[in-house]
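Next up: the structures, one after another.
Two complexes come next, and they have one chain in common, subunit A, joined by subunit B in the first and subunit C in the second.
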Partner chain A sequence: MDKYKTRMGDGSICYQTAQEIREDIESGVAYAAKKAKIEPLTKEEQDRIFEIITAPGYITSVDVEKLVVSTTDCGAAPFCREGAIPVKRSVEALIHERAFCSDSYDLGFTEYTYKAIKPIVRYEAQEMRNAQQQNVMPILYGAMPNMGFYTQPDGMFENWSELIPAGEIDRARAAQEGAMENCIKDILAVADEMAAAGADGINLDTCGASGDTDFLASLRATEEISQKYPNMGIMFGAAGEFVLGMHGKLTYDGKRIAGMWPHQQGEVVQKAGAAIYGPAMNTNCNESFAWNISRVTTWVKKTTETIDIPVHVNCGMGVGGICMTEMLPVDVVCRADMCLIEIGKIDGL
Partner chain B sequence: MRMMLTRKMKLPAAKQYVADKLGITMEQMHDSTFMLEYRRDNGLGVIMPYADDIYGMEAKCRIAKKLDIKINSVDRFKANAQI
Partner chain C sequence: MDEKEVYSLAIEAILEADADKANKALDSAKTAGIPFINVLNNGFSKGMEEFGEMFSSGEVFLPQLIVSAKVMSGAAARIEEDILASGGKIQKKGKAVIATVAGDVHDIGKGIVCTMLRAAGIEVYDLGRDVQVDAIIAKSEEVEADIIGTSTLLTHCMAEQLKLEDELKKRGIRDKYRTVVGGAPVTRKWANKIGADYYGNDGNDGVKVCNEILNKKYG
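Right, the complex of A and B next:
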């Protein structure tokens, strides 16, 4: 029986029969639909995923008219930080515009956290101003709320990850609520400087990494920034397919935040005033690419149907159906993108 | 991308808005050969600029006007340069 060369979620090559791929697609779709309590993909959509996965050739692509735009959440530093190439970040942004033909870029600090940036924000704003003088494409400033940074011994609040296992639920909640207020202030302080430096947008990346309080801090910061600077769009990137309930009682717009799935996250992100929502859905390394991308596409399709703001799916190492490996296999990346564009109806990546 | 950030437009609406404002077809907007010449002729910034091309802040001033949008850095530049 013929087998197709494909990959597992960890990036390793595997060979699957047509029947095995179809079963994994069906299983991934069913998993996503059951967990988020949404409709599964149709039979035709599942057939299209099969065609995309098994398409001949190393690289596949959508029609040119279906091309989408790209945004980043890497701090504009793949050269100087990850590649150890000695270039300034504002120069790196120019290389991305004039050599790589990128659509946008986010400047950011190596320590990609608003709390860490606040003390040096004046110098970060210099870098933003330099980039804005030279670049034509939109340049955002990006970092993570990273509420875990506010816990002792680095921060002033008790560590809720230690309090919860000890049964100290009320203290854990109080610590998170205190940290949230400080986190919002730090985000707003950075946003003020970036607005003055001419930033095109603020990227709130990996919102909810520390749970529902982290997610709420990001929503409240989004509200304030979008009202204060209506021409500076907020890109709100999530941390996972559902929001962890580290607090459990928090709500936004009357809806409980803990346990929100991508389409529900998108609704409150839109309500808060964000310009772009970036759902993040993690890859299961023990499942095939077919299973992972089918699961992700099911959630994304529901999200783009539910909200009216643009959706830029986080697609990269370990998210968006892409393998959990640093050197991303292009055969998987282009096929994941195709599924998300054709079936998920995304606006960007 | 700018229409998403400033007007929260989804991709199809954003593409149509830009095409209408530039007075070009969707097919032309997706054609890199056409767009290189169009951008160079209209001073909207090109990826391989010569010294006499318009790029950087100069191009962004034109983009803001052409698309009828606010660009923060353009507003800041004009205010500080008193133009």
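Right, the complex of A and C next:
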């Protein structure tokens, strides 16, 4: 029986029969639909995913008229940060614009956390000014809310991850609520400086990494920034397909935040005033690419149907159906993108 | 309050994490002459099962789970006290040694499993995180465990679960235990590949699996 060369979620090459791939597609779709209580992809859509996965050739592409724009998060610094090539970030932005033809660039600091950036924000703002003066494409400033940074000994609040297992639920909730207020202040302090430096947008990245309080902090910061600086777009990137309930009781717009799936996250992100929503859906290393991308596409399709603001899916190492490898396999990346554009109807990557 | 109402109240006590309701259910049972063990099996345990399902499907969350488990533990302690006072004996369902494997410091998921197993009446030895295979085996031998459960959140630490299987075989004690593997990157396929006996998808699934193991062993 003929087998197709594809990959597992960890990037390793595997060979699957047509039937095995179809079974994995069906299983991934069913998983996503059951978990988020949404409709599964249609038979035709599942057939299209199969065609894309098994398409001959190493690289696949959507038709030209279906091409989408791309935004980035701090991973956009492959030279100065990851490659240790001594170029300033403002120069790196130029390389992205003029050599890579990037649509936008996300200027970020190595210590990618609003709290850590606050003390050096003037230095960061100067870098933003330099980049803005040289580039034509939109340049955003990005970092993570990272509420875990507010717990002792790094911060002033008790560690809720220790308090919850010990049954100290009220103390854990109080600690999270205190940390949230400080986190919002730090995000706003950086946003003020970036707005003054002419940033085209601000990227709140990996929102909800510390659970529902982290997600709410990001929503409230988004609300304030969008009202104060209506011309500075906000890109809101999520941390995962499911908001963890570390607090469990928090709501936004009357909706409980814990347990929100991508389409529900998108609704509150839109309500808060974000310009772009970036859902993040993690890759399971032990499942095939077919399973992973089918699961992700099911969630994404529902998200783009639910909200009106542009949806730019996080597609990279370990998210968006892409393998959990540092050097992303091109065969998987272009196929994942195709599925998300054609079936998920995304606006960007 | 009749038998059915007592059981319903016990279930409600767990779902609402209400210790007062749990005590009221037991008081009512005493007045009506309903054995406490029946309230445990038909009320509190049923409530915990239902709560576990809700946790798995993302309807309730970690803080609620911990509070409900505390209510369950409180009720179980009172029931045990009552059994001992009337000259009865406490029989735990079985013993489980649980650990997050070496190289991995993630604790919360494993902690949830331990909490839920204890609430289900299983004697749990929680070895914590970053635990070497030798230590896991030593404790299992010492307490004569029925189950060894290991968890990891890191792909590169999954090899420790394989190491445990190999080491148990090498020492000729593999058949003494039923091994259960879990953790975010761990799958049923991985369990089959390394020769683990069972895979637990989450805390609730872990309880089901351990109950299945112990029911098979002790009936």
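Just so we're on the same page, the second predicted complex is superposed on the first by the 347 of 349 C-alpha atoms of A that agree within 3 Å, B and C clash if a C-alpha of one lies under 4 Å from a C-alpha of the other, contacts with A are read in each partner's own complex, and residues count from 1 in each chain.
Methods note: contacts are C-beta pairs under 8 Å (C-beta built on N, C-alpha and C of every residue); 3 or more make two chains touch, one makes a residue touch a chain.
The structure displayed is predicted, hence computed values, not measured ones.
Look at subunit A after the overlay: subunit B and subunit C fit there side by side.
By the touch criterion stated above, A:132 is placed in contact with subunit B alone, subunit C being left untouched.
Using the contact criterion defined above for the overlaid structures, shared-chain residue A:327 touches neither subunit B nor subunit C, since it reaches no partner. The superposition places the C-alpha centres of subunit B and subunit C at an angle of 170 degrees about the C-alpha centre of subunit A, rounded in steps of 10. When both complexes are overlaid on chain A, the residue A:161 reaches subunit C alone and has no touch with subunit B.
In the superposed model, A:84 lies in contact with neither subunit B nor subunit C. Using the contact criterion defined above for the overlaid structures, shared-chain residue A:231 touches subunit B, although it does not reach subunit C. Taking subunit A as the reference, the larger set of touched residues comes from B, when subunit B and subunit C are compared.
After superposing both complexes on chain A, the closest C-alpha pair between subunit B and subunit C lies 31 Å apart. On the side of subunit A, the complex with subunit B involves touching residues 64-65, 67-69, 71, 97-99, 101, 103-104, 132-138, 140, 195-201, 229, 231-233, 235, 275-276, 308-310, 346-348. Residues 1-2, 4-6, 8-11, 14, 26-27, 30-31, 44-45, 47-49, 55-57, 59-60, 63, 69-77 of subunit B are the ones that touch subunit A when the two sit in their complex. Within the complex formed with subunit C, the residues of subunit A that make contact are 10, 35, 161, 164-165, 167, 169, 172-173, 212, 242, 244-249, 258-259, 284-287, 324.
Interface residues of subunit C, counted against subunit A in their complex, comprise 57-64, 66-67, 70, 107-108, 111, 115, 155, 185-187, 189-190.
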